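Labels A, B, C, D and E are assigned to the chains in the order they are written; within every chain, residues are numbered from 1.
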Amino acid sequence: MQKLAQGIARKAGMVPGTVVHVGDLDRHPVRVTMIEYDAEQAVERDIVDVSECAERHGRGVCWINVEGVHDPRLIEQIGSQFRLHPLLLEDVANTEQRPKLEDYGEHLYIILRMLYERPVPDADDGAVEIDSEQVSIILGSNWVITFLEDPGDVFDPVRQRLRENRGRVRKHGADYLAYALMDVIVDNYFTVLERFGDLAEDLEQEAMAHPTSRTLQEIQDIKRAMIQVRRAIWPLRDVVNVMLRGGSPLIKKATLVYLRDAYDHVVRVVDIVETYREMVGGLMDIYLTNVSNRMNEVMKVLTVIATIFIPLTFIAGVYGMNFDNMPELHWEHGYWYVWGVMIAVGVLLLALFRRKRWL
Amino acid sequence: MQKLAQGIARKAGMVPGTVVHVGDLDRHPVRVTMIEYDAEQAVERDIVDVSECAERHGRGVCWINVEGVHDPRLIEQIGSQFRLHPLLLEDVANTEQRPKLEDYGEHLYIILRMLYERPVPDADDGAVEIDSEQVSIILGSNWVITFLEDPGDVFDPVRQRLRENRGRVRKHGADYLAYALMDVIVDNYFTVLERFGDLAEDLEQEAMAHPTSRTLQEIQDIKRAMIQVRRAIWPLRDVVNVMLRGGSPLIKKATLVYLRDAYDHVVRVVDIVETYREMVGGLMDIYLTNVSNRMNEVMKVLTVIATIFIPLTFIAGVYGMNFDNMPELHWEHGYWYVWGVMIAVGVLLLALFRRKRWL
Amino acid sequence: MQKLAQGIARKAGMVPGTVVHVGDLDRHPVRVTMIEYDAEQAVERDIVDVSECAERHGRGVCWINVEGVHDPRLIEQIGSQFRLHPLLLEDVANTEQRPKLEDYGEHLYIILRMLYERPVPDADDGAVEIDSEQVSIILGSNWVITFLEDPGDVFDPVRQRLRENRGRVRKHGADYLAYALMDVIVDNYFTVLERFGDLAEDLEQEAMAHPTSRTLQEIQDIKRAMIQVRRAIWPLRDVVNVMLRGGSPLIKKATLVYLRDAYDHVVRVVDIVETYREMVGGLMDIYLTNVSNRMNEVMKVLTVIATIFIPLTFIAGVYGMNFDNMPELHWEHGYWYVWGVMIAVGVLLLALFRRKRWL
Amino acid sequence: MQKLAQGIARKAGMVPGTVVHVGDLDRHPVRVTMIEYDAEQAVERDIVDVSECAERHGRGVCWINVEGVHDPRLIEQIGSQFRLHPLLLEDVANTEQRPKLEDYGEHLYIILRMLYERPVPDADDGAVEIDSEQVSIILGSNWVITFLEDPGDVFDPVRQRLRENRGRVRKHGADYLAYALMDVIVDNYFTVLERFGDLAEDLEQEAMAHPTSRTLQEIQDIKRAMIQVRRAIWPLRDVVNVMLRGGSPLIKKATLVYLRDAYDHVVRVVDIVETYREMVGGLMDIYLTNVSNRMNEVMKVLTVIATIFIPLTFIAGVYGMNFDNMPELHWEHGYWYVWGVMIAVGVLLLALFRRKRWL
Amino acid sequence: MQKLAQGIARKAGMVPGTVVHVGDLDRHPVRVTMIEYDAEQAVERDIVDVSECAERHGRGVCWINVEGVHDPRLIEQIGSQFRLHPLLLEDVANTEQRPKLEDYGEHLYIILRMLYERPVPDADDGAVEIDSEQVSIILGSNWVITFLEDPGDVFDPVRQRLRENRGRVRKHGADYLAYALMDVIVDNYFTVLERFGDLAEDLEQEAMAHPTSRTLQEIQDIKRAMIQVRRAIWPLRDVVNVMLRGGSPLIKKATLVYLRDAYDHVVRVVDIVETYREMVGGLMDIYLTNVSNRMNEVMKVLTVIATIFIPLTFIAGVYGMNFDNMPELHWEHGYWYVWGVMIAVGVLLLALFRRKRWL
């Protein structure tokens, strides 16, 4: 059982708005990159000192991507540069958030969770587990800041489109960029869910064909992963819906049609998640039924064997009695007759059980 | 477990609005037909070049039917001809959509799913499975464009009515045609659900009378098919409701009463689906109960047999003892007496078990 | 499993608004009766030709009752006489509708389902099943038309009140008559549900005291009947609510208080149905628990018997061994001693099992 | 299974608004009492003739309490005296109502259900069951009429406060009195629910420690009682909420704060009922699990006994064979050796089973 | 089963607004402390006589903390000092309330439940249970009064911030203080839920690895605790939401952004509670499945042992028969041959069972 409440507890009792990294305490150097673009060009560079962000060339859109949220000082510097609210900064650093949208007037703050697969730490059979990473998107008038927990992201297709001026991204404003980033994250859910489908299918085969107690563990694992995925995706529907209907001046009318499309995608993802949940819920039934059927089969066969031999043993017992006067004992072929009777009884019982389909 | 997320995943990372066929990759030549009609006449023809669509005779309604959505170029041509939004075209080609209605101002975009049965690929017992196909209906001011995934559809009754001027279809505008097309798709659901009812009835009989592990598989199959059907039909209620209340100028007031009727049909379909779902949900219980009752019967009978012979074997064992002084052994008819006792004990136990209804 | 979708499927592909009888195809002559009444008098007569309906005497209310909806021609005649919409007539003839209310401006169309019991076709033990019949009530300015599927109805109390001028029905208009007819149908639900209560009580007793596999079948039957009843009653709540709040000019203010009472009754019926559903849902648990308890009892007794005799058989086996040197065999009363030991062991085990309440 | 629909069925087909007592047909003389009070004094008297109600002294509040609703004539007299609607009177006499609030303009009609315990009719072990009684409160401008089914009520605290001028009741109007009466009924729910908690606790102990088939019956009983209680309490939330927000001029603003408190109490009662329902729902699981665990324990012990003796019997069987050449039989201490082997095998198996915790 | 309704029942029949302590009747001296602060300073003192509260220095905010609600006289004194409504005071003393917010115009009354762990009374294995304590927060124009049930609270971080002027608390008004107090209570939920997660994880391990009947008891305990926690937390969402949107003039606009953050935290707590509930709900399934799997394993092994020896015993029985003419008995090595056959049969059966994975 995952310790859902773990991170927050560490923070209990602090002044609200304190920027404390609540999340896995892995340390990697924080990398900050900045892309400035307009319809004509796109300029990319690495940022060493946050104050460089202010040096803007031209009037295009500026996208600052921060990979790592474990450096409170850096987050606070960016915050003061762009006049972000302390509570917003606190949420950026606290990586156990649910997806949400907050309208701070001059900027919108969007939290999403990116799903990805990673190898199970102590497994050597290539098993993967699904984990999620918090992505913060802050949308200003002509800038977007994104915070990721770890280096490596799913934003490369957007970067490519910016560099190569494919699609509409260079022609639209910051709101379209925010949409495009959300869109690639949502599209990535489909990829992860497809993996899920494969896992669930394999598991169902296993539960049907040869259920073991490992199967039970795996069903529990997939159920829990499903709960995780659902927690990460479900609130996103409201987020996109509020963006669509919230009427923030930061989102231009031309972008609404794209957001509506994104909303549609989120609804489908939620729909798929619910369907998988229902299917995964049924796995336990299949497992239990098959384990029980299998067990019953075994017990039946064993009991049939015992049931056939018990009457035969009785017959042998009868002729093991020591009465003075047991005529059969003195018949010349009595012994063979008894064998005959015993074989006949055995065959008869077997035939009976077979006819009743007990074997 | 069906790979619900499969198609979309292939698309992840593309520019939104890119027309890519996401669906089964079967290739058949795309056929485009066009019917132009007004109250006086109806003219049908095959379209080879999409630009022909523009050559309209008279001021009647024009219905263009495209069978196949795997040719992005063709879809884009039609799109530019009728000024359709790129996101709409993307949805046409992406055949894993849920039913939805989108109002693009100058045209309405309606997605439905048509249900049909098809033989199970690798089955030789005439088994059929239920599949669904995406139908896109685009309703303009005086034209309707429909996109189907595969050749062959349920629209023939509408075509007949257009040709023979039966019913009201020739007298009304494009909105009535769109309604009529939706209506035949919804009516078709009843046909498919009736098949479902037969399948479920047979399955219940089987689960009651002679449940096998194949029954379990079949119950799983019908459950999953039910989920599929529900996913295809459930959102349709909202679609028709929004058409009714959305107040689009494309839908004339005279058509509303028909749409209300269509809404009514959809509500009934949903109601039937829910009832079947409840009934199919009960199948598993019936199956488990019957398997368990059957197993219990078998074990009881076997145990009764063993229980009758164990005391008899004990009696035989007693007279197999080798004590010097066992008077019964030397009685003249001792052997027969023992037989008598053993038969009496056996009959008594049998009678007892029968009276207690254990046999 | 009932073929819920059956009737409609037969209709798929027809022109909307085509009057086709979709329902059981029983043929009996259609009887049409007409009652005209005002505060002074009530005149009843049988209608042979529908055009007679137009010959109205005075300015009172006119109630036309049609018993049978399998004659499309007759329905269409009535339709043209009273200017009813083709879709309304289609719904009258199609007897698989859910309760609904449709406001056609000049008239209201109300569909209810009447519940009644009838003997199970192939049963000889007096078993009854619950079936439902569609009742269409069309309320005009000063007329009411009712369509029933079969002759015989629950409207007699209303007829009596009309004839004998009891209650308020003669003093009010057509809307009160429609209310009165709905009220007797709803009151009838209580009678049917009372029967249901008796059936369920008997079934619970049976499941508690001596569950058989017939009990399982009966539980399934009552569950399914419950689903049927629920489908027939549940949507009625909305129907009456819409009548109350819909603001149709056909329903006078004085009638609203009665409709509110009818709404109250419907809510109680729905409440009772839900309670029964919950109780019937528990029947399966009781059945399974009792079957399993019973089975366990049997297996326990049988196993106890075997467990007592197996050690005894072992003792007998020991003294059946042929060792040269077995002193006990040569004791004078060895045989009786062994009997003593065996009886002691048997009694001890029995006492032990009894003390542990295993017997 | 309780016959929920019973009472109403008896009434089916009557003229709406007919006052017929639908409920238990117990006959006791109906007692009518009247308390008139204002801030100065409170006068109590028994009413023999309903017309006395009109003889009001002063301008205070008048509370008429009627104990018994099986005298339709009396109810109708009161009705005409206070100009109550026939449908209201019908509801007063029909004691199977759900809690509801009806606004008749000049008066409010409130139905509540009072819960009380009573000894189970045919039980001699002091068992009690929970029953409910309908309480009708009619609130006029300066009068309150209450109808109870049976003599004896929970209103005594209110009467005491009226007599002794404790609390605020004498200082406020009729609406506060109605609130005070509702408040004592709701407070009484807590008492009844506390008894419920004790019963459920005892039952859980029983299901945990020594489940019998009587436990199963009792769990069913408490489940059903819970359904009853829920039916009686659940709709009350809406009733009080409508009183709070309904804006009836009969309820003065000063009383609203008390009604809000009453609403709060009702919400807590509903919350407790839901929690108990959840807990009672879990009782069945505990029962089944314990019965099954217990059974398994028994079968395991019995099977272990059999399993130990079967190999021993085999050994004895071996040395009961009659081969000419069986050297062991002729060893001097062969018999004792075999005993040794048999004891060793038995002890070994026992130790093995114990180590595996099978015993 | 906890007696949820217990406390209230003791109060039934009292005048509404009577201040009676309903809760655990533990008696400790009630301690009252007061902190007065503004941006410049914070003065703390112990209050002996409630009238001291009126002696305010300066115009800052005043926070009065009362530890203990079992002294009705004291509560009434505070009530009259601050003009609190009697129903409010009644709720303060009655410690079985659900979280709620009541707007009394001049002050807001907020009830929360603080969760804490405490050692199980009669347990010696360091077991803890989760209990909850009612916290009343009354927010006036420039004062806050808090009532706790017991000495010791989670407010120390806020006190520290007041003393040391850390964070924003000294700079804002009474509404921010109320928010800060709520915030530490909510943060404390995360700590408690983290403990919960650990317990549930341990329990799952136990249910997976070695389920005992104590595990069952513990699962029941954690389920019940979960219900408790849920009851304590769930209504808080509405409370904070109403504070956010209620538009009370007591809550300044600057505080709203903090309340929105608090709301967010509450939503996450509720989300975690729901997720744990789902996971805890699955524990029972895991327990039952593992108990049953374990049991099945045992029975299978035992049955396999019996099944192997029963045929062997039969063979021994055959050669224990006393026929005159049994050639095998006279073979020189007959005895050894039989041993050979018996060992072969045993090994064969064992191998067969192993191959079929029954052992």
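Worth pointing out:
Keep in mind that, in the parts below, contacts are C-beta pairs under 8 Å (C-beta built on N, C-alpha and C of every residue); 3 or more make two chains touch, one makes a residue touch a chain.
In this text the structure is predicted, and so the values were computed from the model without any measurement.
Separating the CA-averaged centres of subunit B and subunit C is a span of 27 Å.
Distance from the subunit B centre to the subunit E centre is 44 Å, each centre being the mean of its Cα atoms. In subunit E, the residues touching two or more other chains are 299, 303, 306, 310, 313, 317, 320-322, 326.
Chain-to-chain contact here is organised cyclically: the chains close a single ring, every chain touching exactly two others. Traversing the ring of chains that begins at subunit A and proceeds first to subunit B, the chains occur in the order A, B, C, D, E. The part of subunit A that touches subunit E in the complex is made up of residues 1-6, 8-9, 11-18, 85, 87, 90-91, 96-98, 100, 102, 213, 216-217, 220, 223-224, 227, 231, 284, 288, 291-292, 295, 298-299, 302-303, 305-306, 309-310, 312-313, 316-317, 319-322, 326, 328-335, 338, 342.
The touching residues of subunit B, counted against subunit C in their complex, run 154, 156-157, 161, 166-169, 180, 183-184, 187-191, 193-194, 196-198, 200-201, 204, 208, 257-258, 260-261, 264-265, 267-269, 271-272, 275-276, 278-279, 282, 285-286, 289-290, 293, 296, 299-300, 303-304, 306-307, 310-311, 313-314, 317-318, 320-326, 356, 358.
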